[in-house]
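Per-chain residue numbering starts at 1, and chain names A, B and C are given in the order in which the chains are listed.
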């Protein structure tokens, strides 16, 4: 057995990971069959929680939140990939002296999401906020809107703020990938008479597809973590009138209460988690599969 | 990378500077506003402060009890990162260096953590912490963060361990050193840059986290900076001067660290997506 | 080594009895304005020779109830907790889980009147010490009203007329904080006690009237029509911004509660303002003020510090406490017979209205309509927003109220 004396070094990580990351997903599944306010005896109710959420009294809120997550994912994907690639190419085009630009672009990523939320909340104030004041000064008064108070603009505004914080990350990831493209290939194309735009579009871009796919998958998974930004800018209710409610805030309200709803429903909350998990899991598996394959190949 | 003429260069730089402006403008407003009075912020939003009111910072610092929040945040972040580095590097070392049954399965099992939104685990985490009497304790947070950081850190470190040369290790083994000694004395020092990268990645996540403290902590003396800031915004809603100052105070330490270690920061955060 | 140990033991022996006498009572609440009140209580108790330290923790009002419940479940709750009202789901949850101690016989409650106590009583027991009574309605800028020679309106149409006059003169008549859904629910509730009226709500509670009746739908329509007199983009504003705008004299009126006066005076010490209840549509219906007990101090059933906590609670039942509370917070204490400070005319006026024209029936907080899910409060929170945004009609909102309440409200069920 001495041969395996090294194995103990694996255990702390394995134990912590199992208890606090892996087990909770199974535990949530188990809890989802119970009616339980978090204390006292658990009452087994079979699939009643699922019924309530998918077709019962929670259905409209659940589908609305799910839809908002999907909208969030699609738009923030577009807002990160398109400008991300655009600016990454610009940076790659004339790389000298861009060190400071990289730092500036990346900086918002280091801010806590709540800080970003509070800051933009102040900036987007309809009367005194800098955004509307700037529009008025520029003679674009028609753009001065109650951004966070209108059900039509609130979610897009939050998506924009999230994109503002995250863009630098995508720029730098894509930039690293662009720089990683084999120089000989671009040089060869150049000798063959390709324009710079053709080199970017036809030679380099295809090499970026895998990394774009990876970031898209990560974005999809992260989308289900969204909570802080909505919380900071619109509260746990995802106001106005639920127009920014996402699964994160919905699940927080169900599991841990919130203004107006004093019922703590751990079972119902666990059901929402399990349902989200069912959506995320296939993508997660696929992502891990790809990462694993890439690592294997890298060896 | 590309060959551009002068005109093209001007256009490229115009776009780049535009984005820099979009990034810096809100930050600049945040800094300037923090030196004004609330009246000035409302009435003369674009002007420089008439008088630079440093006292905004003093009152924000005192009223929000930032000293406590900083202490808590530093403690939680430091201990969490140290634990993540220790347990993850040990595990990564074992996975990278040894062969044993189920190794591949265990590794894949841990990799799955890369792709799980950890917040979804909060209900059972809350219940476990309650049973362990770790609610409203900073140690509870540290445990959650350590567990949450393992998947990514192990993944990165395994790759780094694999790249290390084997020969020094082999000679150490002949000298009779056990696996822990080889890991601790020979491999770990070689891995310093990788450890910094991993630390930076986790630093941003842990330092900025709002969700777990919101649910696991309750008393004021335990609050971390993001949570303290939230309470502050709830309390001093009409005093924008102090709110802006508080925002700046909360941002400053990360800003300084980021400016010093920007390369490591960026590497730490982009590494995961690039692998 | 032994020497050091001896010193430590000695020090511990000296310090321990001192520590033991020093009792810390933890209190949780949602009111930031009470920090100084508890400091006052602490020094008052010290003066009486009680070595009690009070640790007061404030939570954001919208987070408080859930945080408290979750913490109590986790066994890390406070000794004394602020509670809301009964009937009301938030307080009921504390009661159902056995977190509150009945205070009969433990705290002297003789300084409270029956109405205040009724708001925190159930099963013929009192579950908390009431701290404040609130009154809500319209607060107006006296300077602006004088300038345009306006008088407090007696009917809804006069109110609209006032708004019209102000608007013509370029003054924003109302500031409404539409981003905070609860204020819209509150606005609806304060209009309700005068517009369909106190008696109508009485019929509603007895199951003899419906939310879909023309009286109520008419009120919703009139409220919805009033929004043209609100500030531009009112759906994006918060109460904090309302406080600033009102106190800086940028608007003439707000739908709010008496507690706002502290912030207004802090923002603008020379600010002159006054109160009137919502006027009725029909002159034959009396104007009523929506009043309610704001909250109470409850004793944690599993507190390890019950003795010290009871000393604190007993002090909060004295007139001295009532005076301390009103003078620091600028709000109306729940203790009877406390004279409002003359330096705060708004309190004198509101206290008078509270005594004389308080509504006896209501459908917002502290009402039977707040006891189940979905409550009137729940529905109004979301659908007042959608009504103001023209995404739902007054008729649809009335129907949603009627249908939602019918699922659980006893008088509606049969």
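One rule holds in what follows: a residue touches a chain if its C-beta (ideal position, glycine included) is under 8 Å from a C-beta of that chain, and two chains touch if they have at least 3 such contacts.
Remember, it's a predicted structure, so these values are computed and weren't measured experimentally.
Which two chains touch most often is answered by the contact tally, and the pair is A-B.
Chain centres were defined as the mean of their Cα atoms; on that basis the chain farthest from chain B turns out to be C. Centre-to-centre, using mean CA coordinates, chain A is 38 Å away from chain C.
Distance from the chain A centre to the chain B centre is 16 Å, each centre being the mean of its Cα atoms.
Between the Cα centres of chain B and chain C there is a gap of 40 Å.
Each of residues 42, 215, 230 in chain B touches at least two other chains.
Within chain A, residues 127-128, 256 each touch two or more of the remaining chains. In chain C, the residues touching two or more other chains are 61, 63, 70, 73, 241. Against chain C, in their complex, chain A makes its touches with residues 37-40, 124-128, 145-151, 235-237, 239-242, 256-264. For chain C in complex with chain A, the residues that touch the partner chain are 61-63, 65-66, 69-70, 73, 89-90, 92-93, 97, 178-179, 181-182, 231-237, 241, 245, 373, 375, 377-378, 381-383, 385-386, 389, 391. Of all the residues in chain C, the ones that touch chain B in their complex are 26, 32, 57-61, 63, 67, 70-71, 73-76, 238-241, 243-244, 263, 267.
Every residue of chain B that touches chain C in the complex is listed here, in rising order: 38, 42, 126, 129-130, 133, 135-136, 215, 218-220, 230-231, 234-235, 237-238. Looking at the complex, you find that chain A touches chain B at residues 4-7, 9-10, 12-14, 16-17, 19-25, 27-28, 31, 83, 86-87, 90-95, 98, 101-115, 118-120, 122-123, 127-128, 130, 133, 137, 164, 167-169, 172-173, 176-179, 186, 190, 196, 199-200, 211, 214-215, 217-218, 221-222, 224-225, 227-228, 231-232, 248, 251, 255-256, 266, 269-270, 273, 276-277, 280, 283-285, 287-288, 291-292, 294-295, 298-299.
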